[in-house]
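Shared chain: chain A. Partners: chain B in the first complex, chain C in the second.
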Partner chain A sequence: MSTETLLERINAYENRADPYPLYAELREHGVAQQNDGSYLVGTYHEIAALLHDPRISSDVRHRSTPDAARPDALPPSFIALDDPEHDRLRRLAMRPFGPPHSPGRVDALHEDIVEIARELTDGLRDRDRIDLVDDFAYPLPVTVICRLLGVPHEDMPELRGWTNTIIASLDHSPGEDPQEKQRAGTAARMAMGAYLGDLAERRRANPADDMISALVHDDGPEGRLDKPELMTTLTLLTIAGHETTVNLITNGMLTLLRHPEVLERLRREPELMPSAVEELLRYEPPVQMLPQRTPLTDIEVGGVIIPQGAPLFLMLASGNRDPLRFEDPDHFDPARRDNRHFGFGSGVHSCFGAPLARVETQVALAELLRRLDGPRLVEDPPPYRHSPILRGPRHLPIATDVRAGADA
Partner chain B sequence: MQIVVDLNRCEGYAQCVFLAPKVFELHGEEALLYAPAPPAEQAERVRRAAAACPVQAILVGEQAGADAGTGAGADVR
Partner chain C sequence: MSGEFKSGRIVIVGASLAGLRAAETLRDEGFTGELTLVGDEPHPPYDRPPLSKQVLLGRVPAADVGLPARRQVDARWKLGVRASGLDPAAKEVLLANGERLPFDRLLITTGTRARPWPHPEEARLDGVLTVRTVDDASRLAERLDAGPRRVLVIGAGFTGSEIASACRERGLAVTVAERGPAPLVGALGGTLGSFAARLQRAHGVDLRCGVTVTSLLGSNGRLTGAELSDGSRIDVEVAVVALGAVRNTEWLDGSGLAAGPRGVACDAGCRAFNMYGIVTDDVFVAGDVARFPHPLFDYQMLALEHWGNAVEQAEVAAHNMVNPGPLRRPHLAVPAFWSSQFGLNIKSVGVPTFSDQVTIAQGSVEEGRLVVAYGYRGRITAAVSVNRAKWLEHYQRLIETAAPFPPEPGAADRPTAPRVMASDVPDPKVLSHGPTVALTGHLPDRRLAVLRPMA
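So, the complex of A and B:
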């Protein structure tokens, strides 16, 4: 079959549950030009090289195609900028979150995350049927990111609405008006940015023990984020800070339920969990592709010239299954060695919140294994969310055995 | 527990500093400092840090002594 429509096929909802055969087809053909002028790269070593290549821009304003003209009144967040602007904004955002200035922030959250996970599994105790997404995988990271940033939990439903609209605006599906989705996405970005900007103003006046307060009171040598920068940075951290973790936890439980021998092994060897989560990030990454890179000049990849300005899609989930890099790549091995996966990307844009996602997922899966008795999938595959980029189940119905009496 | 970090491999992603901040430390933006023989209560954090290293530069030896950190074979994580 021709590879010119691979992206359309990957985007098609009927392929959401299992895009991996399409990725294999992509790797087989090498760099694939699509009939809309974009290019897909799906092999590990080529993706790795491009992720570290300064000629590849993350700023869509460098695109020669019309979709570059996003009519936002707000500046791009650092995920959509190149150095040195990216570096400055990311370093300012990192100061209250991680090393070198705040090395203990994530570690200090660990006990909170355990407690939140326990409260959520307490609520599942007497039920023989749960939806892992709505009952656990969504509320856990949302509660964590609210606590970390200092977003009032009761405002989360509104933030969820904006988040869904923004995510829907990231991909194109056949039969939908992309202009309309872009407009809705822009409006949601503005509304969410305004909400978070106002929250930051309130924290400037009345600081609390949270990351937004630390951010707005930080007087480092490079000064502070200005208001528009604060709005886009906080929007990015809020969305990225929970959306992908929901999918990582859900993909994790789905994968373990599909591999009961691994699930049992993790119950026997809990010290294997950190490495199992790394394997999960390789095997079912929540971010399947990076859709907004653009070459600043004509660039040769695997014998194909990708022209300056062409939309370039780096298919991370495909690179993670490349047999030229990973032995037996379609096998889920919780003890896999030499696992330099693209679950968090790589290079200067590698995931800002990776350590938090790791801790949340390790704690979440350990707690689920400890508390769920005889868990099994009710339907396989489960119903998926729409996005081919941020991919994961919308619901994950699980049946369990209800234990009589108190839980261990 | 003994650890060795291959500083030629280290690219400063700092995942270990987030996950075991009492054992690993960033000096400036990228230079990594670490305690080669961390106390036992840090063992779980150190294992998490080693698993998370994007360039797999951290070798962990559970037993103190000559077998710890002398090469990949000493990594019993």
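So, the complex of A and C:
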């Protein structure tokens, strides 16, 4: 047995391609206290209990050893706040995005998503080798979120840079100097917030048909977001609407290529796609863990007391494979029923963008299955991104048969 | 396995939500025999919750509230025919058209109907309506479309309150007459009742509590007004009678089953009792018409008019109809329901009336967002949220594990220990004292009740 703690091993890059045996070990431990005083929870029912417990905070300022390097000039966004503040901001952000005030927003994007996916696959037509990440899975959701929010196309590279830096700063696994990562993260957050805040100002003066315009012109009974709130909320939406979907599409294709019989079945039974995407969210969830929770008071779970202020990690990907909750959990079953996975979290912070992410991934995978001829993995496992939290391949090289002069 | 029942004849009487879900489950579980569904309405199964909400707002036509089928069900449908009797010895259901349907196993899902206005000649006045069926709802929606000067809603339970809400949303003047001290008080107790009263008044409802409607007045067969027990009189063109539901059990008179105005009694496995309390093995019950013992609530016989209960109980009943004893499951779901009215989403888990105390566990009345937790003798038995539904799962878990009441403080939005008050459920049942029961397991086949000594 290694002397490293489980968390250290889960964080270790060499385990990125297959963390699942470590999660199985974690479930054996129940609630696992780590040497650094943090707690890992990996069993389904305990995670569910904690995700719904109002005494569990998402605001890391409640930790007994707050992140010294986080005196940001900006307040936290709502993903890192508790009710009632979280609830107020989330509701204000939801008004221009989903029901009841904007029930048609995601539906209206559906056509756009199909069109973007088509354009991207058109570009793959005559190639016998592609990198699914750079050629498809990345540009698709980024184009979609920019179109949704109304971010000009030419500014996308800059947003990508900030996003990468911010995501890297969330990652506490070994690697570069943590202080430096934090500093860079804070700077990127400021820069991105300022950019999006300015964009919002411009839309206030000159509204367009996009969500930012709707947000700044919305006069609901609870007023509008103020400037710092706009900055942090738009930054959150941009980042959250980005990397996760990239990873779900990539993990999806990877999983299908590893299960050719399922791939064939989905070609035959396209109506199975929604349930296959749910199974992907269970089987290879892009958000592997929630590293930001903290108990506001001593909380008993699974026979262990987690003390107030202790860093608490909820291992969603582990809960998704808990045999006490899911039958044959390591089996990928695109027609699985009773699949209440944690792919989008659960409880009050459950994913805001889930309806959009679902449509994007369903469309993306359907389009890939339709357009790629004889796709095969070139490298298994593929090279992964660094982050153990937002986990997914950095590249996914795929070989295909080129159909000479063929069209769809 | 012996005791399996995968062929033969099954009859389901009642072709609404519970009947449909049971039929689907029977086929899912491999029942290949003959399946017949009998329904007194001419329509295929439809969804009732929208009837008092979107349909009345004119957002969804009444014809569009069909229930999405989960699967194609291979069955004979006898719609527009009422069942008129049951012959348990011959194992036959008698239909109003004289037909007899033999069965090997029977499932009763006849549900409820709207309690009618007690004075038949007043009830016949043009403009007096109830809301239970899709036809009722479309009639009422038409009346509301015509822009009546004032609508009277008699009874401020959930249905009455939702109807009043729809009227206000359409800009119609509405008077609500409620015998109790506040709206919803019978279901939710005093704290939320007074909240609901303020809410309705703030939305312009002319709410009159502690009164009854003594008569509905008409001229030339049309409703013109109503007299109230406080001596007042109002002019109205439409009156909606929302006095709750009557269980459809009359057709079982003389069948020897334990059937009556409070429903058909059954065990936790949905098998009907006969009038001696002996459990039958070929007659099952599910949905609004069933009364079943629930271990979390001291084995009191619960009869629930909840959408979720109808579905879950139908699934359990269907499973048990075709599986042998050892594989049968108990119906242990924690009751839950929701309502939307006056811009609020109200959701309940547990049994709020099974309580002696309440506390506001999260949020506050002032914010209009809150969770009220209900306790009975020191353990939590229910919780109701207003615009806070996502927190309820936590309380459901507390209810299932018989956690202490009041719940421990420390919620981010309720850091200090809240005040505990009397739950103020009118006419509290005389609750017996017993050991505490908790539920374990979350998968249907692993759900169990465990007894705990009283703390």
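Remarks
Keep in mind that, in the parts below, the second predicted complex is superposed on the first by the 399 of 408 C-alpha atoms of A that agree within 3 Å, B and C clash if a C-alpha of one lies under 4 Å from a C-alpha of the other, contacts with A are read in each partner's own complex, and residues count from 1 in each chain.
Rule of thumb we're sticking to: contacts are C-beta pairs under 8 Å (C-beta built on N, C-alpha and C of every residue); 3 or more make two chains touch, one makes a residue touch a chain.
As the structure is a prediction and not an experimental result, all values here were calculated from the model.
After superposition on chain A, the partners chain B and chain C are seen to clash. Of the two partner chains, chain B is the only one touched by A:P103; chain C is not. Contact with neither chain B nor chain C is seen for A:W162 once the two complexes are overlaid on the shared chain.
Look at A:A49: by the touch rule set out above, it reaches chain C but stays clear of chain B.
Touch criterion met: A:V359 reaches chain B, while chain C stays clear of it.
In the superposed pair of complexes, A:E278 makes contact with chain B only, with no contact to chain C. Within the superposed three-chain model, A:Y23 lies out of touch with both chain B and chain C [touch as defined at top].
Looking at the shared chain after the overlay, A:F313 reaches neither chain B nor chain C. In the superposition on chain A, A:D82 makes contact with chain C only, while chain B stays out of contact range.
When the two complexes are overlaid on their common chain A, residue A:S350 makes contact with chain B and with chain C alike. Superposing the two complexes on chain A places one region of chain C into the space of chain B, and among 19-27, 199-207, 397-405 or 433-441 that region is 19-27. Counting contacts as defined above, chain A residues 338, 346, 350 meet chain B in one complex and chain C in the other. Per the touch definition, chain A reaches chain C in the complex via residues 45, 48-49, 52-55, 57, 59, 82-84, 87, 296-297, 325, 338, 346-348, 350. For chain A in complex with chain B, the touching residues are 91, 98-100, 103-107, 271, 274-275, 277-278, 338-340, 344, 346, 350, 354-356, 358-359, 362.
Across the interface of their complex, chain A is touched by residues 361-363, 367, 369, 388, 390-391, 393-394, 397, 408-415, 442-443 of chain C. The residues of chain B lying in touch with chain A in their complex are 13-15, 17-21, 25-29, 44-45, 47-48, 50-52, 54-56, 77.
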